[in-house]
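In what comes next, chain A is part of two complexes: it sits with chain B in the first one and with chain C in the second one.
Coming up: the complex of A and B.
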């Protein structure tokens, strides 16, 4: 069985400051980490691998200027990783789906595609369902846990206040919510070897030319960035006055609005 | 909609036919048999977009026993409503809903399609966008229009709303967008608007994902205090700690405190909110009787909303709080518990 895990990178929010008054973002420390939800998806895949001896192949969710997160994924326990090489190629989800579909085809197909349900920065969750549409597979979104039982994938999803188990026949696409599982740490020896390019693990990182997979005319993103917008600064120190009963009602309304919005 | 508006919409229809656009469509979210507020918000926004584009607004209502909800869609701004009322659609499942919408949109070729950023919208919008080679912008908090290219621009919150990125799909049609619930504001409901919904004749697909039943014994992993979305923290002036615990339970939040609460023996060392202890970034932080020294205030700087209750009007916490209540927590907290129900 082959499991594809699609993962991306994100600028660690601990290293950036956003000055809303100046309308600017200051990057104090440029450090990228694997998207938290994607890292949970990798952990879910590795647990299935532990149980069923599946092969776990890692593919990127977007253009990467370096292969750092793929090396990390290999050190964590993935069997293979593919780095798409092309200078300055731009891609949104629609382009990546074409590329990933071609890559899965070249790998010889897959039984399960796992990825994060949402990205930490832009909150976009369309890659998983778009993959399901392109491959015409069933999809299970926002899973907390997933396992393979008798040729089907069983996943736990939130349903109102409780949790339900759902099942889809393989092949299928499953997206995992951030924080669903506690991801394992990279293995020390594997981490050293993958960065020193020694041992079997070095051969596990493959480099594929983008244009071998799809035509150049396919590499046109649909989504265009048209600038940034900063919310107005917060109005702090608003005092409520009156009898405790009255202020409590106003405060309760404010709290409920915040919690539901 | 006034007669003048109607006249304008009809006059614009001619250019609409030449342009080949198919209107602004809103797919309704139905919760417990009623149309969800996010759908009405989306319809209000669709009305504004359609008026500027010279297009019609259509609502799509899928569910079981939902036909009488159609008038609400007209009142919120729809010019036409398509309904599929079938017991098989009582609960949302991807495959049957997707089949109905992909058949409908293949025929109607919409120009813009809006969904709520809900379970249904997030499952269907990407699949339809992929099938129809359309662009998709998720979680739009505001919508604007680039009239020259007839492109809808959506502002998408980045890092949970620290700032917004304005995205657009100028080339792709249809343009799919999911809108963030509560962000666009409720529209005016015109009680004099009404219409005759069109029932669609469809063959429904079988769901491809089966629900096996409740997940027995599944417990979601514990969230560390630093990542908890709601925190109720006690300070020296909190008075009765049991009230703080009840407030946390009522808000579904975690109990914490400052060093004073730790000294009083109410909380453990790992629950102390302080730069020397835990630094937090909750959506809602309620400070009950916390005066707010520098170390505590620095640790809650990233909180998105702070409610402070303290008897001293000069307490430093009030400079940081969004909402301040000067008063004795022993009186305010019981009243707050009652108001929260």
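Coming up: the complex of A and C.
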């Protein structure tokens, strides 16, 4: 069985300071980590691998300036990783889906695609559903855990106030919510070897030219990025006082008014 | 000259930060308050491979060199000096002696489980009558057939209360003294005749085990002699050289914690209508702390580079510990002053840091001993052999 994990990078939240007043993000130390939801997806994949002996292949969810997070994923336990190379490589989800589909094809197909349900920085969650549509596979979104049982993937999703287990026949796409599982740490030896490019693990990181996978005409992004801004400041709340039942009524009215207005 | 960390060391630092934030930080205050040795934390750190960070992969280590070990000490001690001390005593002196002077069989049998974090190590040198004057030890080892029988005891042994493997220095020929008369042994703590007599109640690093050990007819097989009979003192001093460097790295962590918390506090605390950051008295303290921290970092990293490239480093390692422990103590003192009364309370980690920092100038060779080592090295270059 082959499991594809699609993952991206994000500035390490522990290394930045956000100054609302100055309207700026100060980068204290520039360090990138795997997107938290993607890291959970990788963990889910590795648990399936532990249980059923699958091959876990890591692909990037977008253009990357370097292969660092792929090395991180290999250190954590992925078997293979592919880095897409192209000069001035730009892509949105639409382009990435074409590219990832071609990459999966070149790998010889896959049984399960796992990725994060959302990204920490830009809050994007399109990649999973888009992959499912492009591959014409069933999808399970926002899973808390997933396992492979008798040729199907069973995943736990939140449903209202409870949890439900849903099942999809393989091959399928599953997106995993951030914080769903506690991801394992990198393995010390794998980490040192992959960053030193020594040992067997060095061959696990491959570099594929983007234009070998899809034609140049397929590489035109639909979305243009013009900049970024802070969200508008939140409205101040109202302080209610009085006896508990009066406050409860006033709160209900205030909420209703806000929902209608 | 290139001062950038290699990619594997950058990745290692990121990994260590994650492990430390998840496993060490949540317990740091509690283990200090309640005098608990965090053995479970040690096991978790061990499971990642970090307890073998500097040892070769063929002995179960990571192969990240002395530089990797310095990064580990720096990051752990930034958050918890107790856990840092447990890790340091295990890797830096306990396992290090076996790595430096053990034979192939001893490394396979003893170093490998230590590097993998499956077992823990301690380093048995200090005795009640032999502190700075380490050659004055009186623990006796007498040959009996294929074994040595050890009688005596050790004090202030870090990790002594829970270690599985311990290196012990003992007198094998009282007529010869330090050169020729002292031998190092590897012992297992579940052997008959090994006893933990008591644990010290300490001012700082309260999440560590500092034990008094007693050996009563402790039988150690001859194959467990570390190095050659009579060369134990030199073997132990070599381990201490390495230990000094990494204690310097530990002090980088303590100083960083102090600078970080001082800056954070100066940014938020307001007096006389403005943040402390705008007060020159605070700015100058922070500027001094940061300057000393950078000087220490340069010294420690360069010394680690000397070790990893196989060059002499003994004098610089002593400087790392001497200067590092002073810098960390000063930085934490300054940070506490900037915090005022709140820094004195147990609600802020500076109170713990202040108590923890004091041991830096004492253990693994006092500041005075470091100065002897440094002066010895300097005078030796000028043809003078200094009397101790």
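Heads up, the rule we're going with is that the second predicted complex is superposed on the first by the 218 of 261 C-alpha atoms of A that agree within 3 Å, B and C clash if a C-alpha of one lies under 4 Å from a C-alpha of the other, contacts with A are read in each partner's own complex, and residues count from 1 in each chain.
The rule is simple: a contact is a pair of C-beta atoms (placed from the backbone, for glycine too) under 8 Å apart; a residue touches a chain by one contact, two chains touch by 3 or more.
Worth saying up front: this structure is predicted, and the values here are computed from it rather than measured.
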Now for A:77: first (chain B), second (chain C), both, or neither, which partner does it touch?
neither
What is the contact status of A:13 with respect to chain B (first) and chain C (second): first, second, both, or neither?
first
More residues of chain A are touched by which chain, chain B or chain C?
B
Chain B versus chain C as contact partner of A:124, first or second or both or neither:
first
Which partner chains sit in contact with A:185 here, chain B, chain C, both or neither? Use first/second/both/neither.
second
Classify the contacts of A:132 with the two partner chains as first (chain B alone), second (chain C alone), both, or neither.
first
Could you list, by residue number, the parts of chain A that touch chain C in their complex?
12, 14, 31, 33, 68, 71-72, 75, 185-189, 191-193, 195-196
With touch defined as at the start, can you tell me which chain B residues reach chain A in the complex?
94-95, 119, 122-123, 125-131, 133-139, 142, 153, 155-172, 181-183, 208-215, 218, 220-221, 223, 227, 230, 251-252, 283-284, 286, 304-305, 307, 318-327, 331-332, 335-336, 338-340
Residues on chain A engaged by chain B in the complex (per definition of touch)
13, 18, 20, 25, 93-94, 97, 120-130, 132-134, 138-142, 144-145, 154, 156, 162-169, 179-182, 220, 222-231, 234-241, 244-245, 247-249, 251-256, 258-261
Any idea which chain C residues touch chain A in the complex?
6-8, 10-12, 14-15, 17-19, 21, 48-50, 52-53, 57, 62-64, 68
